[in-house]
Every structure is written in C-alpha cells, then in structure tokens.
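Right after this note come the structures.
Okay, so subunit A shows up in both of these, paired with subunit B first and subunit C after.
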Partner chain A sequence: MKKKGFKKRIFPYLMVSPYLIHLFLFIVFPVIFSLVLTFHKWNIISSMEYVGFDNFIRLFQDRLFLKAIINTIIFLLVHIPLQIVVALVLAYLLNKKIMMRGFFRAAFFLPVVISGVVVTILWQQLFAYDSGLLNKILMDMGAGKVGWLTNKNMAMTSIALMATWKNVGLYVILFLIGLQTVPQMYYEAADVEGASSWQKFWHITLPSINPTIFMVTILSTIGGFSLFIEPYVMTGGGPLNSTLSAMLYIYKQAFEYYHMGYSATLGVFFAMIIMLVVVIQKYTIENEK
Partner chain B sequence: MKLSKVILYILLICATISFIYPFYWMIVASLTPESLIGEFSFVPREINFNNYLMMFQKIPIWKSLFNSLFVALCSTSGVLVFGSMIGYSLSRLEFKGRDLLFFIIIFTMTLPFQITLIPNYILMVKFRWVNTFAALIIPALNSAFAIIMFRQAFKSIPRDLIDAARVDGCSELRIIFQVLWPNIIPTIITVGIISFMNSWNDVLWPLIVIRDENLMTMPQLVTLFAVGGRAEAQLGVKLASAVLLALPIIITYAIFQKHFIRSMASSGIKG
Partner chain C sequence: MNSKFNFLMIFMLVILGSCTQNNSNRGNSLSYWSSSNNSEIEFSKILVKNWNLSHPNEKISYQPVPEGQSSEEIVLAAVVGKTTSDIYSNMWQGSVEFYAKANILIPLDTLDGFIEFLRLRCNEETILEVTSNDGHIYQIPWKINPIMTLYNNSIKDGLGIDEEPLSYNKFYEVAKQIKKDNNGDGYIDQWMGITSTKTVWYQRLFNFYPLYVAASDGMPLLADNKAAFNNEYAIQAFRFLQTIYKNDYFTKDQQAAGQDKFISQKVFSKFTGPWEIKYLDKFKPDNLNYNFTNIPVPENHKGPIYTYCDPKSIVIFNTCKNPQLAFEFIKTMVDNHGDSLFLALSQQLPRRKGIDTIVMYQEFFKNNPKLKVFAQQAKYIKGIDNCEVITEVLDIISQEYEACVLYNLKSPEKAIDDAEKAVNVLLRVKP
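== the complex of A and B ==
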C-alpha cells in the first residue's frame, strides 16, 4: 500500500520528465551558457578565454550591428503597417456576402503554407532588374525600372513587400474571425441612425477589432525580428549591407567567423531588445484598454 | 448595389491573381528553356524537363525529400506523444510544482530563440550530433505550444470519462492514447500540422547543424543550391528546385486546406 502511494507520487514526474529534460538541456542550460559566453572569447576549437566586458564594449562600437538593427527596424516599420492595412482590407471584402468565399480565402492563404525559401527564390526573379516581372509590368505601363534589390534605399522595402505578400493571408483569417465577432445589432442601430459605411467602419468595426490589430502587431514584430532566410537567399545582406538583418549578422558572426563569445553577446543583447519591444507593445495595449 | 458588388469581385479577383499567378509563373518558368524564360507571361512557346534533369544531376534532391519527411515525421510524433503526456499531467494529475511548471512553459514561449541558438549549436558539437538527424529531431521533440494545446483540450473532457476508465483498470497512458485521443481529434490535427510545418519549413537550424549534403533537409539543400554557385546562375534550374520543394505542400494544402487554415489561425491566436 505504501509502495503504491510512492508510485502515485512519483508517476506525474515521470510523465513530465521528457519536458523537464528538454527544458534543462535546450533552454535553461543554453540561457546560462549564453550569459557565460558573453564574457569569453571562443572559436569552439581552442579553449575559452575570459575577456571581461570586451564583448559588450565591442558591441557598442560595432557600427555594422547598429546598422543591422536599424535595418531590421526599417523592415518592421514598412512590414507591419502595410500588413495590417492589406489584411484588414482583404478581410473586410471577404466578410461581405459573396460567393466562393472559401476559394478566395484559400488563395490568399497559399503563400502562408509555402516555404519561405520558395517564396524568396521566386521573388528574387520577380524583383530582377532587367528580366523581372515587376519591372516588365512597369515598363509596359510606361514607367521606369525600379532597382528593387539593387538600390540600397529600396532593397529592405522590397523584402518587406515580399514578406507582407507571404504572410498577409494568415492575418486576413485572424481579422475575418475578429470581424465576425462584431455584434450585428451595432450595424443595424447605425443603419437606423443613417450612418455612412465609412462611419460604420471607423466607429464600430475598428474599435471592435482592436484586439486583433494588437495581436497581429505583436505576432509580426516577433516574426520580423527573426528575419533571416529572405536576405540570406536574396541579397546576402547587400547591397552595401542595406538588407543585413540583425539575425543574419549574428549568424555570420557565429558560423562564418566562429566568434562564439561575441555572437552570443549579440544574441543576448538582441533578445533583450525583442523582449523590451514586445513588453512595451503589451503595456501600451493594456493602457489603451 | 449591383455596381458595388461588381467592384468587390474585381478587387477580390485581382488579389487572388496576385497571390496565385507568381506560383503559376514559377512552375511554367521551371519547364521553359533558359533562353525563353524572360519572354512568356502566360503560355510559353516551348516546354521541356531539361531544368529538372540538370538539377537531379547536381543535387541529391530526392534524398533530401526523404530526409525532410523523416525528420518532420519523427519530430511531429514526438511532439504529439510528449505533448499529450505533459498536457495531461498538467490538467489531470496532482503533483507539487504543477502550476510552477505550467508558468515556466508559458514563459519559455516568450523567450526569443536568439538567446539559446548559439549555446544549442555548441551543445550539438559536444554531443557529436553535428551531421546527424539527432540534432534535427531531438531538440524538436517537445513543444510548449503543443503542451498548452493538449492541456486545454484535456481540460474540456468530462472528468467522468477518465474516472470510468480508471475504475476499469486502464493505465494512465492507455487513458491518454486510447480513451482520450479519439475525443480530441481536432487538437491532434492542429498540433500535428503546426509541428510538421515548423519542421518542414525550418532552414536556419539545419544550416547550422548539417553540413553533409546527403543528410540535408530539402529546404536547406534548395537554399544552398540557390545561394551557392552550383546553379551556375541558371534561373530555370533554381526555379525547378523551388517548385519541387513547394509541390508536396501545395498538394497537401489543396486536399486539407480547411485544416491548414484553421490550425494556423488557432496557433496565431494562442501564440
């Protein structure tokens, strides 16, 4: 009887042990080791060398890292507002009484399920200067060619356009769910008052889907901070480092130059920035409510 | 009223074209001889499979398809099995530290992966897992998202069902997988699709831990093919590899699109 009680007490821990192992091995240990690495210089092969705060001093003098962070922020500033507006417009159209809603929804969602690598290879061709489809369309319309990926002031915006095209379908669905929760009687009441569709959108729809807008903002902020494969495949960070994202820079420091200590420092610092931005966003949302 | 409907459909159709046409263009371009790719916009003058044949000679694409499938299936099974066990423990078993553990799991979801990426690579080096599937599968066997989804699903099942099974002498594991699983099929589908897609689409981690071409996953191989010089700036060959990478997902999506949309939307909401 006593043995059974012991078994019963130990059993839940056995059940959660796969996660506990995972937690300590792949999360707790790495976080601690990351912090240790920030004080060391190490190329994995030779032994670790304690360097005090050198990595942090280097970080704050590293112009390229600053540029990579600014690039990432430029990406977010183009990507997030564009994504919210396009997703909202498409969701608004889909929410009308229409035929084939399921078909349209599935079409908008297609790029979401397809690998980012495929989308990037594809858009690299669409953006091509001489033979790309976008420039061909512009030429047919009588406009000049755009250096989508060759102009250093344009390249990050182009990548943000592509990312919006890839992800917007998911946010259309989220907004559609949000729109369907708006009580129909609000619109009926507004109709009685003789409100225009614009007034209805501004005063009823928009406030009701505020939570969705915030959710979309936070989701795409976290996603945008991880921007890596698109510039890696499309531009390699060029031209003139204008598409070097923070994540791409960390990757290069770690796996091209084997600066493990320094790249861990960059990783920790960048993670802090991400958490700070997300916390500020969440805090602003709470206050708005 | 009539006119606004017409405008509505025109807008929707334009949007649809902008999402689908690029994929159509990619598929047709991959079947077109290199010199003619720049010319067509809808129907090409000539079609052949030369780009594909050339790609098959250059990279082990079928091997990588198998690798990707194997890795994605293994990690998805792990996520389903472990996610259920832990989600069940958190919702239906009493033990000390349960609420703390749940809090920690939620917290790990907010932790940016940038902080653990480099130590995890070093761990793989020390375990001698670099260039093995273990590096791709084992860290992916547990998922906080899956645990939370399963916890939620098991909470919604009436207690009586579990008690009845216990009276019948079922072990807890049998309760989870034989009694409860049939009642939470939608959750299993959602978690399954999300973790399969996560594994299938991941490129960064494979790039870091796999260097041997024969062990590469499909997106990784295609990425390196597109970035490296081996496509010899041949557009058609690059596009052919991208088409082959997209095709399994396009086909699966065409059949199960409702499940895909529902699953990914719910992961967006929960995440």
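== the complex of A and C ==
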C-alpha cells in the first residue's frame, strides 16, 4: 500500500523530469555559471582565475562594445519600423479576397523557414558591389552603384533590409490572425456612417490589433538584439566595425579569443539592456492604451 | 501503472548510462583523428590499416574529426570534455601554443628518439619555429600549403617573371593594363586580382602576412613578447595593397563558389595555395591556362623570396596513455613512404627538408609540374609566431588593414604604428 503511494507521488515528477532536466542543464545552470564567470578569467581549457570586478571595469572602458551596442540600436531603428509597416501592409492586402491568396501567403512565409545562413549567402551575392544583381539593376536604370556591404554608412541598413525580407512572413501571419479577430460589425457600422477606407483602418483596425502590434514589437526587438548570423556571414562585422553587433562581439570574445569571463560579463550586461528595453516598451504601449 | 513505472525507470537509467565518458581508447590501443578532407581520410585509413596489421596488440582506432563548423571548434570542445583522440593530425601551427600553455599537449621532445627524428625531418629554421616559448616542442611539422601568386598565363609577359621575380611595380604595371571597363558602362568589370576584404583575422594570412614575410625574408610578427612588425616591410606591404585598392586593381567583391572570377577570367591573379590546382583543373575552361609565381616583393628586395606556408602539425594530447606508442605510429605517417603516399593522395606538401630534391618524390613532381613550383618554394617558407593570443594579434592587424588598405583612412605608417601599440597592450595584459 505504502509502495503504491510512493509510486503515485513520484510518477508525476518522472513524467516532467525530461523537461526539468532540460531546464536545469540548458537554462538554469548556464545562467548561474555565466554569473559566476563574470568574476573570473577563463580560457575554457585552463583553470579559472578569480578577478573580482575586473571584467566589469573593462566593459565600461570597452569602446568597441559601445560601438557594437550603437550598431545594434541602429539596426533596430531601421528594422523594427520597417518590419512592422511592411508586415502590416502585406497582412492587410492578404486579408482581402485577392487572386491566389493562398499562394502569396505561403510565398511570403517561405523565407522564414529557409536557413538563415543560406539566405545570408544569397543576399551577399545580391549585394555584391561589382557583380551583384542589385547594382546591375541600378546601373541599367542609369543610377550609380551602391556599396551595400562595403560602405560603412550603408552596410547595417542593408543587413536590416535583408533581415526584414527574411522575417516579415512570420509577422504577416501574426497580423493576419490579429486582423481576422476584428469584429466585422465595426466596419459595417463605419460604412453606415460613411467612413473612408483610411478612417476605418486608422480608427478601427489599428486599435483593434494593438495587442498584436505590441507582441510583434517585442518579438522584433528581442530578435533584433540577437542579430548575429547576418553580420557574421556577410561582413564579419565590417566595414570598419559598422556591422559589428553586440551578439557578434560577445561571440568573438568567447569563441575567437576564448575570453569566457569577459564574454559572460558582456552577455549578462546585454541581457539586462534587453530586459530594460522590453520593460520600457511594455509600459509605453500599455500607457498609450 | 506498474509496467509504465518500470519502463520509465529503465528508460531513465539508459539515458543516464549513455552520459558516461568514453574511455574505450585507453591502454595499448590508441585513437587517431585526421581532418575531414577526403584525401586525408583515405591516407589515414591506409596507414591505420597497415599499422593494425603489423601491430595486432597495439591497434589504432581511426576517425576523421567529428563534424562541426570547423575542426578547431571541435577539437576545443573535445579538449574541454576530455574526449580528444590520442593523436590529432591537423592542428594549425598557430593554435599549438594555446594548447601547450594549458598543458593539454605532450611535450614531444621528452619522448625517446624524438629530437633525432625531428632533425632528420626538418631543418634548424623549422625546428626553431616550432619550439614553444617554454623550450619544449609540442608538434610534429606535418604539411604545408605555401601561398603564392596564381596568374592567368595571358599576363605572363607583362609580369616579366621569366627574367626576375615579381615585384610591386611590375604588378602595378600589369594591373593598370588589365583593369578594364569592357562594356563601357563606366564601371570596371575586369581586375588584376581578388583577395578577401573580410576583417576576420585568418584572412590576413592570405594577403598581408605572405607579403610581409616575402618582403622581410621571413621576419616574425612578435619578438620578446612585443610587436616586432613595425618596420619598413609591413609598411611596404600595407602600401602595396592600399595602392591596389585605391586604383581599383582588385575587386572588393567576396570570392564565391558560384561565380569564381578567376575562372570566368574577370580577375587575372590571386594569392593562393596548391589546393587551387585540383580545383582549377576540374572547373576551368580549356582556354584558361595558369601558373604560379612568387608573392610580389618591393623593388629593392634581394635573394630568395619567402612566403607563409599555412602549416599544419601532428600533436599528441595529454589524455594519451602511451605517448611513445603514439609517436611510433606518427613516425610511420611521416616517413618517406608515408609522406610519398600523402603527397600522391592529397597533393599537399609534407613539411620535410629537401622535398623538391628527394629522389623518391621526383616522379610525382614530374607528373605534377605545377606542384613542383610549390615544392621549390618550400625551401623558403615561414609559419606563424608561437603565441597563445596570435589570433588577437592578427585581428588587431586586420582592423588596421581595413582602415588603411581598404578604406584609405590612415597612412600605412600610422596603421602599422597603431597596430603595434594595440598589440603591445594586448601582450602586456594578455586577458
């Protein structure tokens, strides 16, 4: 009897144990270990050396990390508004009864499921200065060549354009779901009042999909802060560190120079920045409501 | 309920049991990893098979380095997890010091017969180059791929390489003629050359560094734990490349497998290694003929021309229970027969003295005349400095390279000076 009771008590824990093991091994332990690392110097293969707050002092003197954060913010400033506007426009159009609607919905979603590295290599060819398709088109139109990835003032914008193309499909789907939840009777009432299409969009559609906009903004922000594959494959952080994102810099510190302690410090600090930005976004959007 | 519970318990035990460390390669049997290059796999399989036939009680188990983004990352992960093989045959010379400092590698000079063996294989210059800062030797120089100038034969007369070595001015002269706007749209579509414009540290090993080594007759980047590259040779190399980009003699496009500009004859030269021969012979059109010559040097350069040789070494990890036995196996990899087989299968050069004159290899070079140029170059080669932060040193140079050579924001003197200062700070603090 007692044995059965024990089994009954332990069984639920056994059922959730795979998740708990995963949670501990891949989330809880790495987070705690990273916090410990911030106070150490460690190159992975030698033993750790306690260095107190040295890594934090170095962080606040590291101009390249500051540049990497500014670059990431530039990326976000281009990428997020562009992504939201393009996704919303596309979702609005794909919500209407147009020809081949299913095909277009699938087509816009396709880049989301293609490997990031493949997309990046493809766009690298499109952006190539001397032989890229984009510059060929510009030249055929009589315009000059653009240093998409070779001009330090242009490179991050080019990456933001590519990232938007790659991810917009996901946000189109989210906006489509949002648009389909807007009650039809609002539009019917607006029609009776003689509202224009723009007025209906501005006064009915937009306020109704506010939660979706909030979610898309948060997801794009977190996704944008994680910018890594694109600059890693396309530019390596150049030209002149103009596409060096914070994540790429953290990666370089960890896996090119093996500064695990410093890299963990950068990671922890950067995670705090992301949390702060997301909290600010949350309160701003909620206050606007 | 009861059977479900028992099943779960067994399942958990199997999962946990599978997490134990693999210690199967201990004792008299050894494990060996090679690179995952097809020809090296073939070479290793033959050698291991022969060894196992003649040493039934001291068998070697072989596998190519496990799949990953790069073999360096896999080896590092294996070191951390203590799951390395006993022998690894594809370690970049620049990585050895990093592992040696952490006591991960066996000091090979402590093994019986090692020094005698090394003296037979390598000249004093090479032995000095692979000796670590602590005085021990942790690597067996195995193979090299010297970097040379590949050129389209149609520009051979202009380069004047039959009379004397290729110099900076000759390179400029030909580049000026090659640079063309073929379709009249106002933009250049034919260039003298191409080399990577990425700032990733290792790309400098294929443009700046060979030029520096060539100009300076193999001077090091570092000496006495300080930067030693702030000299006329590094400045000349930067200025040469800066002039090239300033005049659009090289395209800034990245090299891509889908559109090789040398094969499509849009560029007429590049700095590359012998691996290019196999590739070009497979993909080039019939009308493209090519050859290799030295890395360009300043006009006043005298004597033989050195180059960077992209050296890879064989190491024994300290997890090896029988390093002497591992060394005995390695000796079969790099004896005359081993090297001969390796050369034939991989078309990469073994790093041994007299590679171009040893009778045994003559037949091979007779049948592969393009590779003979590299064998002759092998007399004048340089690896890389023994420094555990060499990648950061190259990264600093890379940053300055970008500012000076690619974007013309600094003079070569200032760029090299800034790089020297940054490297000295790095070497002083070694984070």
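The rule we apply is simple: the second predicted complex is superposed on the first by the 288 of 289 C-alpha atoms of A that agree within 3 Å, B and C clash if a C-alpha of one lies under 4 Å from a C-alpha of the other, contacts with A are read in each partner's own complex, and residues count from 1 in each chain.
Basically, contacts are C-beta pairs under 8 Å (C-beta built on N, C-alpha and C of every residue); 3 or more make two chains touch, one makes a residue touch a chain.
Here the structure is a predicted model, which means the values were calculated and not measured.
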Clash or fit (per the criteria above) of subunit B with subunit C on subunit A: clash
Touched partner set for A:I27, first subunit B, second subunit C, both or neither: first
Partner chain in contact with A:L94 - subunit B first, subunit C second, else both or neither: first
Dominant contact partner of subunit A by residue count, subunit C or subunit B: B
Touching partner for A:F60 - first (subunit B), second (subunit C), both, neither: neither
Partner chain in contact with A:A107 - subunit B first, subunit C second, else both or neither: first
Contacts of A:W198 with subunit B and subunit C, given as first, second, both or neither: neither
Touched partner set for A:Y251, first subunit B, second subunit C, both or neither: first
Partner chain(s) touched by A:Q125 [first = subunit B, second = subunit C, both, neither]: both
First, second, both or neither for A:I173, with subunit B first and subunit C second: first
First (subunit B), second (subunit C), both or neither touched by A:A264: first
Where subunit A meets both subunit C and subunit B, residue numbers: 11, 15, 44, 121, 124-125, 131, 236, 255
Of subunit A, residues touching subunit B in the complex: 9, 11-13, 15-16, 18-19, 22-23, 25-27, 29-31, 33-34, 37, 44, 90, 93-94, 96, 98, 102-118, 121-126, 131, 133, 136, 165, 169-171, 173-174, 177, 215, 219, 222, 225-226, 228-229, 232-233, 236, 247, 250-251, 254-255, 260, 263-264, 267-268, 270-271, 274-275, 278
In the complex, subunit A residues that touch subunit C: 7, 11, 14-15, 17, 41, 43-46, 58, 121, 124-125, 128-132, 139, 145, 150, 152, 235-241, 255-259, 262
Sites on subunit C touched by subunit A in the complex: 1-2, 4-5, 8-9, 12, 73, 76, 79-80, 98-99, 101-102, 104, 185, 187-189, 191, 197-201, 251-254, 256, 258-259, 261, 266, 389, 391-392, 395, 399, 402-403, 406-407, 409, 431
Subunit B - residues contacting subunit A, complex: 8-9, 11-12, 15-16, 18-20, 22-23, 25-26, 29, 37-38, 41, 82, 85-86, 88-90, 93-95, 98, 101, 104-105, 108, 110-123, 125, 139, 141-142, 147, 172, 197, 200-201, 203-204, 207-208, 219, 222-223, 226-227, 235, 238-239, 241-243, 245-246, 249-250, 253, 257-258, 260-261, 264-265, 268-269, 271
